[in-house]
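Everything below concerns the one structure shown next.
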Amino acid sequence: LLKFSLIPRGDKFFDLFEASAENILKAAEGLKDLTNTWDNVEERITIIKEFEHEGDIITHQIMERLHRTFITPFDREDIVLLAQGLDDVTDFIEEAADAMVTYKVKRPDWAAIALSDVILRGAREIQRGLPHLRKRSDFKHILEHCVEINRLENEADHVLRTAMGALFTDTTDVAEIIKWRDIYAHMESATDSCEDVADVLEGVALKHA
Amino acid sequence: LLKFSLIPRGDKFFDLFEASAENILKAAEGLKDLTNTWDNVEERITIIKEFEHEGDIITHQIMERLHRTFITPFDREDIVLLAQGLDDVTDFIEEAADAMVTYKVKRPDWAAIALSDVILRGAREIQRGLPHLRKRSDFKHILEHCVEINRLENEADHVLRTAMGALFTDTTDVAEIIKWRDIYAHMESATDSCEDVADVLEGVALKHA
Amino acid sequence: LLKFSLIPRGDKFFDLFEASAENILKAAEGLKDLTNTWDNVEERITIIKEFEHEGDIITHQIMERLHRTFITPFDREDIVLLAQGLDDVTDFIEEAADAMVTYKVKRPDWAAIALSDVILRGAREIQRGLPHLRKRSDFKHILEHCVEINRLENEADHVLRTAMGALFTDTTDVAEIIKWRDIYAHMESATDSCEDVADVLEGVALKHA
């Protein structure tokens, strides 16, 4: 018995989005371990780079699928924004980690550790919230995760501002200030991208509620 | 007598956009006063932060209304872009003000004062141009304000470039260069966001002319 | 004999996009010559600024035409994104060149020369790929150019990271580090914008394949 399907099933999109969220979570765990332990630095960064590459592959698969799918589970532009937002989170995690080696920084300070922790918690909210996209009756749960992601972005913003103030007060080596400012900025961009993801999820949930 | 309305009236969107524009104007006046007087710094920055928070609330109201409105006064994506553009202006004003305390800078220099003035003039153009969205026959007036906002963005760009050149020539304290470069950048982003707002307004006006 | 056309012909859009791509190529050649020779600096930068201005005019023409055209050769949002992406490439080329004078830098180093070269090669791919938009049977060629533009963006990213690491290792003058970091960043943004252009082209090609 052959079964034809003129309407491509949307499930594959959800599979890919969830794979991307799992991947973000692993990259965020890698960054947290890196800043916490600061041992096996090269090896830990190589692993983060692999997650970033894996994220690229998943994003590419989503975009390819989108281009050859006529009926999508939700608006095409939201699929694009969601895919890009998820991809951006891993990109910024990798950029933060990479800058630590490129700049040959010494042990990460409290702010880098705090920001890694906020990123990890944001990644976890995304990974937990995303599966609720599959079922309209679960949409209300999405909003709870989005509220928490927004709160985390504010927390990251606060840590960043405090850290920048402290850098200028405590550090006399201006090169060191420039280095950490860049690394913090990448980390804060990761939490911004978590918020972008939350904005798309919230929009989809409200539009189809 | 009960009156039902199946088609939600679009007026509320205009009310919210105009409230956002009024709010931007107040934030911009706060920034101008802050850089001009440099007295009661803490208090003035607290007030700017309140406008930023008020802007967030208005933006949220616009997005919520959009998600439960089927027929909108103009394209949905333009409503989103306009709401975000207006929100960004207040955000960057607050970031500039906040960086001045976080970085513990001394009295603002001529460039910070000049940039605050350009932002204030841009905010005024937005606040004056926006009400013309309500009436198609007034759309031509929108374009006049947009031209002026674009001119102001070029002016800000010119001030920024001159100021950056002067910083490197006049300042030997590199930490001070980094601090002001950040503050100027936030200010210029505010004028960029004014231009984003003008671009949306211009697009809406031309599409429906 | 009068001929009326209710459906505006789309050819003019292609003419304008190709004019913008030619303009980018000239600006990129100007930047390459500037960093390579470092002679007649003022004059070379004036010419780059003229290309930037020319790019603004073309972008404006595309947007104006879009607003008064009902049937477009491809999706309106892709036309906007393509026009903006092309405009951004020239803007960032001009910003990089301008920063070299504003900051009064000495002779460009290997990284600035390498990045100018990557930008020039990206501009060439855009200028060669774009004409294939005119004919659906040529769409497959677009993808080849897009692959190369993506590869070039990775190359630029690699040069930038190496250069930043080298700056901090080799340079003791922190002001010099800040200056070059800014210039490199503008250059890398130019290659990012080339990638944005490639993303739109790829999307259009896949959607209509």
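Order of writing sets the labels: A, B and C. Residues in every chain begin at 1.
In this section, contacts are C-beta pairs under 8 Å (C-beta built on N, C-alpha and C of every residue); 3 or more make two chains touch, one makes a residue touch a chain.
All values reported here derive from a predicted model rather than from experimental measurement.
Viewed as a network of touching protein chains, the structure reduces to a complete graph with every chain in contact with every other. Because chain B and chain C carry the same sequence, their contact can be compared by residue number, and under half of the numbers here are used by both.
Between chain B and chain C, the centres computed from C-alpha atoms are 28 Å apart. Across the assembly, chain C contributes 174, 178 as residues in contact with two or more other chains. Every residue of chain A that touches chain B in the complex is listed here, in rising order: 77, 161-162, 164-165, 168-169, 174, 177-178, 181, 203, 206-207, 209.
Taken together, the chain A residues at the contact with chain C in this complex read 63-64, 67-68, 98-99, 102-104, 174-175, 178-179.
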